[in-house]
Structure formats: C-alpha cells, structure tokens
Amino acid sequence: METSALALFKKPWVLITLLVLLFLPFTMNNIHFHHVLIMFMLFATLSQAWNVIGGFAGQVSFGHATFFGIGAYAALVLLKRYDLSPWVGMLIGGGCAVIVAVLIGYPVFRLKGHYFAISTFAVAEIAERLFANWDFVEGAIGLPAPVLPEGWINFMWYKTKMPYFYIAFALFVVVLLIAYKMNRSRLGFYFRAIKQSHEAAEGLGIDTTKYKMVAMAISAFLTAICGSFYAQYILFIDPPSVLSLDISIKIVLITVLGGAGTVIGPILGAAILIPLSEYSRILLGGTGKGLDLIVFGALILFISVYQPQGLVGFLRKTGKS
Amino acid sequence: MDMEILLQILISGLLMGLIFALIAVGLTLIWGVMDILNFAHGEFLMLAMFFSFWMFSLWAIDPLWSLPITVALLFAIGVGTYYLVIKKVLNAPGLTALLATFGLSILIKNLAQFFWTPDFRQVQGAILGEKTLSFFNLNVSLPELVAACGSALITYLVYYLIFRTKTGRAIRAAALDRDTALLMGINIDRVYALTFGLGGACVGVAGALLMNFYYVFPSVGGLFGILAFVTVALGGFGNITGAFYAGILIGIVETAGGVFISPVFKYTIVFVMYLVIISIRPKGLFGW
Amino acid sequence: MEILKVKNLTMKFGSLAAVDEVSLAVKKGEIIGLIGPNGAGKTTFFNCLTGYLTPQNGTVQFDGHSLNGMRPNRICRLGLARTFQIVQVFREMTTWENVIVGAFCRTANSADAYQETMEILKFTGLYEKKDSLVGNLTIADHKRLEISKALATRPHLLMLDEAMAGLNATETIAAIDLIRKIRDRGITLIVVEHVMEVIMSLSERVVVFDSGKKIAEDVPEKIVKNPRVIEAYLGERYHA
C-alpha cells in the first residue's frame, strides 16, 4: 500500500488535469470564466473539507456554513479593526472554528446520526442569527473590506483575479493532498470504520468519540480557511452571504453528487454543480437562483434513489470495472 | 411580574405549541415506524398551506371547509412519496435516505418559488377571520384557538389510532420488528405507505388550520421544518407523547423568549435550549 | 495465573436478569468453552465484559485492570478482543482493509500496520482473498475475517461468539485447527459454540449458562453427564 501523499502526482491523469486547470484561465480572458474557475476550486475544496466528517466519518453536518462564516469574519474583522494581515486572520479564524467544532462536538457526538444532523441545523441557525445582531462585526449591515493597496500582504487585488486564482489553486491542491494522504493513513481508515460500523470500530480499539471530534476539527479548520479566502475575494460579507443554510446545503449536495467518501467525488460534483449554479445566476438573473436549485434538488433526489454512490459510483460501474 | 402577562404568554405559547406538536407528531410517526427522517416535512406543510390558500383565492372555499380536501391531498402526497421515493431508499445506508428527502425538500421548495413567486400570501376574509376572544383581560386569537384545539384533537386521534386500533397495532409491530411483522402476515409495504400518508395528513391539518391566521410563502417550510425536527428530537424520536409535550414546551419557550429577551432571538433560544437538553439527555426528554 | 476474573456479574433489563450473579475465573492460556441454550445470556455476558453494556452489579478484573465502566475501545486496547455473533465487518472495504483497522490499534504507522495485516491474513488463510470486497466472501470467510480483525489487535484474551455457526464439516475442522493455532500463539480463548463436537474437542473446561445463571463448570467429559446441564437442554422429562 502506497503511503506517501506525493504518490498522487505520479498518476498521469492527475498531473495532466492539474496542469490543464492551471492553464485554463489563460485560454479565455473573460472575468466570468475566471470567477467560475475560482468558485469551482473553492467549492471543491469546501466539499473536500466537508467530506472528512460527512463522507468519511459518516456524520452528516448541515451547518458547515458556520465554520465558513467564522473564517470569513475572522479575516475581515481582524483586518479592519486591528490591521492584522488576512493571512494571520485566516489562521486565527481556523483556530476559532476548531474551538467551536470541539465545543459543539463534545456534547453532540454521542448522539445518533439524526440527532447530530439536527444539531448542526440548530447551531447554524444560532450562528447566523448571532452574527446578524452583533455590532462588533457590523451585524446585518454587512462588513466591507477596508480599501487598502492591493498585493500579497493585504491579500487583496482589484484589477485582476489571477492572484486569487493561484491561491485558490494552491488551496485546492493542498487539501487534495491532505485528503489523499488521510485516506491511506490510520485516520482515514478509522473514519471509514466509524462510519460503517460504530460497534465494530469500538471493538477494535477505536475511541469513536475522539476520532469523530478529530474529523470535525480538521473539517472545521479547512472550511474556515476557505471562508477567509472568500472574504478576501468578495471583499464584502454579511450573514446571508457566508452563514446561510444555502451554503451548507450546496456543500453537501456537491459532495453527495460527486460521491461522498471518495477523494475525487467533491471535485466531480463541484465541476458539474458550480458552473451550473454560477452560469444560471449570470444568465437568468434573479430567478436563476431558484432554477439551479430545482436542478440540484432533482439531481440529489435522483442520485440518492438510483445511484447512492454518486458520480464516482456511476463511473466505476460503467468505466473501469 | 405581572400575572396577566405570564398567563398571556403561557396561553399564546400553548396554542402555537399545540400546532407545533401536531406537525412533529406526523414526523415522529414516520421516523418511529420506518427509521426515516422526512426532511421534506416542512415543505409538505407549505404545500398544505398553499393548497388551502389557492382553494380560497380561486374558488372562495373557506379554509375550514377545504380542510378535508387539503388533508386528502397531503395524504395522497405522503403515500405517493413513499412509493416513488422512500420505498427505494429504505434499505440503503443511513446517508442515502436522509439525502433523498433532503433533495425532495429542495425540489418542492424551489418549484413552489418558481411557480408561485416568493411573495407572502394571506387569506383575507375567512370565517374565522381576525377575531379575538377576550376574557379576564386576556386576549386569545380565535383562529389560533381553533387551530390549537384542532391540532390537539387530531393528535389525540393519531394516538388513539396507533395505540387502540388493530391498524395501529400493525403499525407498531412493523415499527418494533419489521421482519417478524412480515412473518406474522402484516403487509409491511401498506403499513409504511399508510404511515407516510398519515404523516402527510397531520401536516395537512396543521397547514389548513394555520392558513386561517398565518401567511404562506415558499420558504415557510424551512422554519417550521427545523422546529419540527427539533421537537421530534426533543421528545425522543418515535415517541408521539414525547413530541406532543415537546411541541408545547417549544411553543411556550419561543413565546416567552420573544417577550423577555427579544423577538429577533425567539427561535434562537429554542435552538439553544435544544442543544442544552440534548447534551444532558442524548435521547431526548422522553427518548427510549 | 488468572487473566480474567469475573465476580457476581449481573445484567438486568427491567426486571429480567439476562446475566444473574455470574462468577468466572479464566487462567492464562486456557481454552474455555461456553455453552447454553439460546437466550441463556452468553452474548449478553460478552457484551458486559467488553463494555457494550453496563452491568448493574459485579466486578471484572482483566490482566490486573478493573474493567468496570470502561468503554469498548479501551478494553480492546488493554488486550481483550471479541468477535460478534452477527458478523460486524466493514461492508464497503476489502478484506485487508477490514483487518488493517484492527492492526492500527497497535501502531499508527501505515506500513507496519499493512505488514501485520498481511501476516494475519496468511495465518488465518485469507491471504488469497485479501483484495476481495467483503460482499463477495463466503460465510466461512466472513467468520475468518471476524477473527482476523480481532487478532490484528494483538489480544491476550480472545472471545469468540459462535464463530462456527453455519460452517460445514470441512470448514468446521479448519476452524478448530485455527483456534488451536491461536492458542499456540499464547492467546487465551473463550469460545461460545453450539456444536458439541467442537466444544468437546477444544475446551479444557466447559462453562454452562442457563437463563442467565452459570449452572455448571467442569471438564467436558463430566459436563455431558451433568444432570442439570441435560435438563437445561432437554427439559425436565428427559432426565437421563
């Protein structure tokens, strides 16, 4: 069994796909296209992060937007009020997310699957409401990024999206490596064991509560990092844009569509759903938002009923085997 | 503390709570029998409310009279959902069933938004109208009172059906041990379909009653749905009596929270209460 | 040297005592057979010992540690492993992946765990099927897999719950052979079985449960002649 993470790059198709992705923005100098690429990588990474707890450890969370929001707000608030570089803010945001994850996780992980899922709903709703009424973060009015000279230190650019693209790409690759490596390590095996049989896992020496918390912490940290990136990219955030249930749902949908519990699933799912979502919003304006969700809903329904393993399962059946 | 205000809160909370209870009972029934958490439950409620609204708006049928029609429609939707969706995911691993009903909820909500627009709709000029009753300085909204009483009645009927009839026994048998029930000659398929239909019917009643004084919009299922989940979890999954008491508790806490802390946070308080209780009693207040 | 000492273990469900004041001492290196009619409380007993159930009364001492109130994972790491009557394999993983989960109990290093897994698979005879999805395994293989997973945790005491149910004659002989080999590795065994030949040929001592109580404990030859045991299995009228 290959245990080195870098072995991922030895696979030819991975290297090719990544290189293609890297050069894609240069094929079309269209700002919408660049935006879609960045969103694709962001959501693929977010789904990869969700996958750790949702797909691998099998604990479905409908509240991941909470961590996304914590990351987003940490970066911008610390920048605005304390002139702290967003890179540092990102790490602090990640840390806060981990603390929240552990605080929630501790009482809630002893619960059976559905109680946990509902608890994540409850937490997400509480978080959105709290942030909307908290003056320190400008509440419901929203928090714009301060206008600072662009560049790497301030983590903001106005004239071009390319640096954002590179950062998103780096994030994408790093998290992909993490997921790949984790899958081959004790952590990954333990997560999968917990998901497939809680009892058997305990009987083999796995402290299920501890490992579920570890999964949650990793997932929360990575999600928050993505949130910080998003804040610096969009340059304006408010509770509906970073803490809403819609974001949580989107992440779940992408992962399930692509195939939860696999490394490639989130990428496939994002590759289909993000362009669909972004372009339908661009083309159809306001009503587009409802239309793409109709498609999402139908897709998820279809996938759960006929192909629970998602696209990955579909490809496995028709392609390789 | 003014006794009147306390009583007013208690009563208002109780009324809304009874309605929450009925919605939750439908959900907990499905869970208890089939081990399925119907994420589309809130959307079913929304459909019930919209049906009630459209029958009034288009054909001038008062929500009180159209109630049986709404209930029948929702029962049919419940049964239909079972045969088209649920049946296929019954034996699939945990995540799948959850996501199937989740996908369904998103689909229904956004279809409603697409066809009926996100506008808020209200029934104006119904029989129950906006009348209020006053006694001992307390104000009670008539439609709310009727809705609460109706909900309590239907909840009791469901309880009676499950615990005191032969059909109910079949349902309980299927809930306890599917394979044995099958061996005893119970048609599990029909029991499941009936249960899902019943869940739909509960929500049909609640929705039709709510339409007398509440407003409907495509996303209304969201909040009621989450509240229903929380109620069910609090009362213990599968526990009808638990859901009943939990619903009342949530209604009162929500109303009290709105008055004593802030209307903005009234549901937040409910969620916090849920998290606290569930940490102490992982199987809900009355879980088994 | 006693590796397991159980005193007055009682597990009640409501007013029903599924395990009723059971005491048992197991010496290191023994093979103990545990028999009794269905519903006698054998699996409940296992569940109590391994932390899946919390007994109302009694103490359990294992290898110098008190197991009272411990969670299953901690008990496993102390060296007490068990197989499940209804096989609890990880359905979406292959054979070797199932076993490596157990191996990770003793090491965090993937390469070492993999090595250990291969060794165990060769020992239990599942090496050829290491890459099969568990869904494709036969019943006999499933039972072997259960044992392999438990062995990977390097237990000092292994409890087998009906590891031979559903096996044919050839498979049963192979299973008996495997159990002997496990004992030869220095692992103490408690074996729950219904198949009499297996219990008689394997056990040094046989413990008999009935309705939650331990009704007899002796060498195999004497157990088959014990009137209380015969009564438990065949009922009063067949008192030989």
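Going by the order they are written in, the chains are A, B and C; count residues from 1 in each one.
Here is the rule we go by: a contact is a pair of C-beta atoms (placed from the backbone, for glycine too) under 8 Å apart; a residue touches a chain by one contact, two chains touch by 3 or more.
Keep in mind it's a predicted model, so treat the numbers as computed, not measured.
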Exercise. Taking touching chains as linked, do they make an open path (line), a single closed cycle (ring), a hub with spokes (star), an all-linked set (complete), or other?
Worked result: line
Exercise. Centre-to-centre on C-alpha atoms, which chain is most distant from chain B?
Worked result: C
Exercise. When the centre of a chain is set as the mean of its C-alpha atoms, what distance in Å lies between chain A and chain C?
Worked result: 43
Seminar exercise, completed: Note: chain C sits from chain B at a C-alpha centroid distance in Å of 47
Seminar exercise, completed: Whole-angstrom distance, CA centroid of chain A to CA centroid of chain B, is 32
For this session: For chain C, write out the residues touching at least two other chains, lowest number first.
Result: none
Exercise. Where on chain C does chain A make contact in their complex?
Worked result: 50-52, 71-74, 76-77, 81-82, 84, 88-93, 97, 100-102, 104-105, 108, 110-111, 113-114, 149-150, 152-153
Exercise. Within the complex, which stretch of chain B touches chain A?
Worked result: 31, 37, 85, 88-89, 92-100, 102-111, 113-114, 222, 226, 229-230, 233, 237, 264-265, 267-268, 271-272, 274-275, 278-279, 282, 284
For this session: Would you pull the chain A residues touching chain B in the complex into a rising list?
Result: 58, 60, 104, 107-108, 110-115, 117-119, 121-123, 125-126, 129-130, 133, 245, 249, 252-253, 256, 260, 287, 290-291, 293-294, 296-306, 308
For this session: Over in the complex, which chain A residues touch chain C? Could you list them?
Result: 1, 3, 184-186, 189-190, 192-193, 196-197, 199-208, 261
